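Labels run A, B, C, D and E following the written order; every chain starts at residue 1.
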Amino acid sequence: MTNTLRTHGLGISFGAFRAVNDVNLTLEPGARQALIGPNGAGKTTLINLLTGVFMPTRGTIHMGDRELTSLSAHKRARMGLARTFQINTLFPSLTPLLSVVLAISEREGLGAVWWRPLTRNKALFDEAHTLLGRLKLDALADVPVAELAYGKQRLLEIALAMAARPRILLLDEPAAGVPEDESGELFEAIAELPQDISILFIEHDMKLVFRFSKRISVLVAGQILTEGTPAEIGVDPRVREVYLGHAGASHV
Amino acid sequence: MSEMLVFDQVIAGYGNAVVLDRLGFSLKQGQSLAVLGRNGVGKTTLLETLMGNTRVMRGAIRWCGEDITRWPAHWRVRAGLGWVPQEREVFPSLTVAENLTVVARPGRWNLQRVYEFFPRLKERRGNFGNQLSGGEQQMLAIGRALMTNPKLLLLDEPMEGLAPIIVEELAVSIRRLCEREGLPSIVVEQHPVLALEMTHQAIVLERGTVVHAGSSHALANDAALLDKLLGVGIAVSA
Amino acid sequence: MQVILFDGVAYGMLLFLIGVGLSITMGLMNFVNLAHGSFAMVGGYAASWLMNHFGIGFLPSLAAAFVSAALVGGVLEFFFYRRLYRAHALDQVLLSIGIVFVSVAVFTYFFGPTIQPFQLPAWLEGRISLLGLEVGRYRLFLIGCGVAVLACLLLVLGKTRYGAMVRAAVDNQRVAGGTGIHVQRLFFLTFSLGCGLAGLGGALSLGMLGLEPSFPLKYLVYFLIVVCTGGAGTIAGPFIAALLIGVIDVAGKYYLPEAGAFLIYVAMIALLLVRPNGIIPRKGLA
Amino acid sequence: MKPVPITPARLRAAEIAFWLALGATYFLLPDKLTLMSQIMIFGLFAVSLDMALGYAGIITVGHAAFFGTGAYVAGLLGKHGWTEPFSGLLLALIVCAALGYVLSYLIVRGADLTRLMITLGVCVLLAELSNRLASITGGSDGLQGVAIAPVLGLFDFDLFGRTAFAYTYGVVLVLFLAVRLALRSPFGLTLRGIHDSRKRMLAIGSPVDARLRLAYALSAGVAGVAGALLAQTTQFVGIESIGFNRSAEVMIILVLGGTGRLYGGLIGAIVYMLVHDWFADLNPEFWMFWLGTFLIGAVMLGRGGVMGALSRLVKVGKPS
Amino acid sequence: ADEPLRIGLIATYSGPYADYGRQFDAGVALYLQEHGGKIAGRTVEVIKKDTGGPAPDLAKRMAQELVVRDKVGILTGVDFSPNAYAVSAIATQAKVPTLVMNAASSGITTSSPYIARLSFTVQQVTEPMARWMLKQNINDAYTVVADYAAGVDAETAFKKAFTAGGGKVSGSVRTPMSNPDFSAYVQRIKDAKPQSVFFFFPSGVMPPAFLKVWKERGMDEAGIKLFATGDATDDSYLEATGDVALGLITSHHYSYAHPSPKNQKFVKDFAAKFGPTLRPSYFAVTAYDAMQAIDLALAKTQGDVSGDKVMTALKGLSFESPRGPVEIDPVTRDIVQTVYIRKAERAKGQIVNVEFDKFERVKDPAKEAN
């Protein structure tokens, strides 16, 4: 069974406005693919379509040979489609540890188990600690999320997505607000994820995009303008004009 | 009287937690300032304190010679502080146009000029605040601050989430605002190179206090110092 | 048939008039103000007291009802409400219930537990012929008032910056303050306006409902129905909801009297199932 | 004012002390036993509301729908010859949980205000229905002729309310422990997550609506037991058991005690009902003034109810 | 006997029905004042408990506490039927004589042998109205009642008596208890054009609201006659109800304007004690009578308050009340009294129920039948 994520003619309209229009996108297993494009191009909306936050007005989404198009968000998540949010969407009153434990317990299908204390399940906590350690959040494991600095919250976003042991990971500007050196580390951590996980990430930081992606899709005004390797995209004059400005050249 | 803004040994935080610890610096009239530092050192808290959203336990903040430490936020805006919060925080139940007009104060900046500055906002003017893309929200937050016709812009990571081409343009524009229109800014940034390019002065924070203060130009050209303060060796080489 | 429709509309207007203040304090300002009826009661007692003891006319008494309720609202806002704008909705519930209890006891103490005497002025009594239809004058008057209040509010809240400022401040007080909005004054005025409208509604209800100290508890459910089915935070929403509910209730009781007590709630639930965010959902929260 | 740190072990000790103290009122307040029983019943009712409101975040002002249904189930059983008390409770639990589950389909889908109004509407409709079905329920005169056999075949419900107290105490304790367990289980954590961010819960694969339905049904079942307890110990069911006023009252109790804090419901019931009883004895006409002042004072002094205030005074440290 | 006589008074002192408790208190206080604060030679201590309206669990708890903790000898008050039913269990269990001052559901006295009633039953005041209407050659009626137990009792009793006497009930409607606008119902009646309408609403806000619409709709001009039980013209509410009440014919056991000397003294003393604005309503009279009944019963038992003795003494007791002669049925322990037909009129600037016809020694018809 392959885990290729494929969309066909995918689109959504808000009123008369076509935020995403006729997108054919393929995400191969093990992909490290970047999705770039001007502000308001529809990148986040596309991820929302893929994860089931929005239902498309047109087109289809397949994962392997299963059609996801009208599946609800949590079912897609169960199938291994995890994401982070561009604007932090965390559990402010929980601690990072409990947040991750929660994500793991839902992954394990324990969410409806009400007759057994949580603490009885040591494995959950061990796994959570390991994961937090990997993202250098272990020191903050018991601080309420609401009190974490923004950058740490960004990391927790990723931790929550990873806790789901995803097969496909969709990252919406994971490094925004994270200092440069750490964002590099962060991306390295992501790149080191098992090769069978496919990753699609949105990022406006071209250093990161060019360093970590193997393939780049460029979305403009809701449509895929072009796709290609970093080298190809970096020199594409159309991409430069609408998106990169002078930034592209310096990274190629 | 050439000091525009002075932080005098400010101790401030949230509830009982101290975040800014005897933080002090001053900024001259017409100069813009970069605030650098790693995650969680208190950059945002500095701006929040300037806007009166934290609890100041000791010290004073002087703006154009007046002690504004205890002023309510809306007085500070009237006195010329224009704030762009870190998480953008546009008003979700107002349209783009309303988000802008609702805070409007008389001056050079009006709806039309903001739309010229960010054409994208004009296209999306009927959308509600929560129906915007991340970058559009960022533009709106900046536009909203401009609409208050401030004397000093407070930008908390303004470039976050913006497309490279817009970042480039915005950096140029912010510098130009300072030079041509006399509207300086305090810029909090994760990308020191960018921030230092845009500003005259720079301070570096660590655990809520200033560990370095100097000219932006000097700091930008001192790779070793930057690396020591911020650990961004890779970035500087670019 | 037309009479039933007319009665329904008039009843709906009454619901709108006593509920609209709540769509400002609760809908617009997001303060779960269960004490709305207490302010309506202040207005009602003010009007009936002025009329009974000083022989003041009905119309001036209505104005007085608005002013007195707005004043009481302003005072309570200053001492209590303003401290809880950012608090959890349930703390607001507790405060406002406390205020209801106190108001019930205070009015019982000063005015006794029975209903207030009230005599409509002669020009509002009886019926009048309108397009061949015999309709109650008072009901017609209520409709007039309802439309007038609706028009004023739409103008003030919709077309001016004031309304947008309130919404902004409710969305995010911290940032509203940080962009120059004087949130405290704005809320004070808006809250007083909501209370004033409640008072006006309370006074206008005198002609149909009996006014007694337990008024705030007795009609609480009706206020909530109007505001919530209409769509909190809008003015036109509650207006339409009130009309719909008024007509459904009156028509239902006329044609299907056995179902009398169920109708209004069934209608409400049905409306909410069809439109979970109210008839006119508050914008930007979709 | 710095919070005083306490260890989880101390917290456990405090919990045990709480229940011992509650049990000790049997000896300390022998002529207040009926009040104490009713306090525990309303405490349990408030705890059930807390599951829905505090933990699952379902704003409901119609919880008396289940309290009343439970009361009628137990009452009708007793009236028609099934007088064994425990099985009456069990049946009330099952019926109410089922009713809660069915109704949850109406309730879980909406936004806060919608939920508020739908729960309110359903509650009023059920109250009206029991008024209409007077031939079964006794309508507004109440259900008379409820007979309950001695508990365990040994202890008759006496005039002094001793049996009622002990019976109530036992049942409330058992149910409370069950609720406590549920809230400390993975399911409890899920509820906290949903409360914080529904969007994120969906993204980590949690079927949020199904979880909320489960919470609502469990909460309805517990509320039903509380109602059944009241019916059995008073051997009467008034139509007021099912009305909006009762829903509102239990909400006040819970909010006063503190939502989302497990003990909030019990503490709220103790404080509210004792204060109410005290003021009403002192001044039967104007106790509402004092009670209202008390409530206003309580919010002004501390948010989040009694438990909210307590939680600011102490901080549970990690076991060292 | 220097031990004071403790009497537990369970009533509504707060909320929408707070007038009931206020009137009870006034009646009790007046009687005690007239008798030097003593009954059967013992000083009386009245312990008040507020139920805040119909609240059976509360009422039962209060009864229990009164008996167990406060050691009262007698329970009284009890304004709502569910409260009475709930209290009856305590009365039986503790064998405490309980004198119901208002609760009007017929079955209450049957629910415990320790309950006697000094007020009235719904049926008792409804049936005479039906009979009287028939006497006036009104044989077509439409009934309107509030949809709760007492309303249904009134409807049933009226229908039974009216049809038994050859009348025809051409329509009936039950309105919800919480019903701000009566226009739909009144319009329905108007379109049905019955000869007459009989209505029953609990005293309080419902009757004035109904009467307002009745007037506005011009029902009198349409020739439809209106009748009700005296709950509609409760003296406590009558003045506030205003002109819309004028002309309404009602049946009840007490009017403030009852012309007997006993009542005139009662009213005068009442005004002297509580001021001119508070009128004694039928609640105050029952409370006054309940005290009188206790007094007479204890005189028979020589101050013994044990349940069985007091109940025996109460049975068959008859005395003169401000409402007229009353007696306690030895079999049912329910009151037997005169039911008057009255008309709301303006007299000396006040609106009062003027009695102009009566039915003597009316028993509770609901129990007669069995």
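Note that in this section contacts are C-beta pairs under 8 Å (C-beta built on N, C-alpha and C of every residue); 3 or more make two chains touch, one makes a residue touch a chain.
Protein identities per chain, from UniProt: A, B = ABC transporter ATP-binding protein; C, D = Branched-chain amino acid ABC transporter permease.
Values in this document were obtained by computation on a predicted structure and should not be read as measured data.
If you take chain A and chain E together, the chains in touch with both are D. Relative to chain B, the chain whose mean Cα position lies farthest away is E. Relative to chain A, the most remote chain by averaged C-alpha coordinates is E.
If you average the Cα atoms of chain B and of chain E, the two centres end up 75 Å apart.
Chain A and chain B have Cα centroids lying 29 Å from one another.
Here the CA centre of chain A is 42 Å from the CA centre of chain D.
Centroid to centroid, with C-alpha atoms defining each point, chain A and chain C lie 47 Å apart.
Each of residues 14-15, 18, 22, 147, 176 in chain E touches at least two other chains. Among the residues of chain D, those in touch with two or more other chains are 128, 131, 285-288.
Shared interface positions of chain B, defined as residues touching 2 or more other chains, are 131. Interfaces, counted as pairs of touching chains, are A-B, A-D, B-C, C-D, C-E, D-E. Here chain B touches chain C in the complex through residues 51-53, 72-74, 76-78, 83, 85, 89, 91-95, 98-99, 101-103, 105, 128-131, 144-145, 148, going by the rule given at the top.
Within the complex formed with chain D, the chain E residues making contact are 13-15, 18, 21-22, 48-50, 54-57, 60-61, 64-65, 67-69, 81-82, 85-86, 89-90, 93-94, 105, 107, 111, 147-150, 152, 176. Residues of chain D that touch chain E in their complex: 31-32, 34-35, 38, 128, 131-132, 134, 138-142, 144, 159-161, 230, 234-241, 280-281, 284-288.
Residues of chain D touching chain A in their complex: 181-182, 184-190, 192-193, 195-197, 199-208, 210-211, 214, 218, 318.
The residues of chain C lying in touch with chain E in their complex are 3-4, 7, 10-11, 14, 104-105, 108, 112-119, 125-127, 134, 136, 138-139, 207-210, 212-214, 217-219, 221-222, 249-254, 257-258, 260-261.
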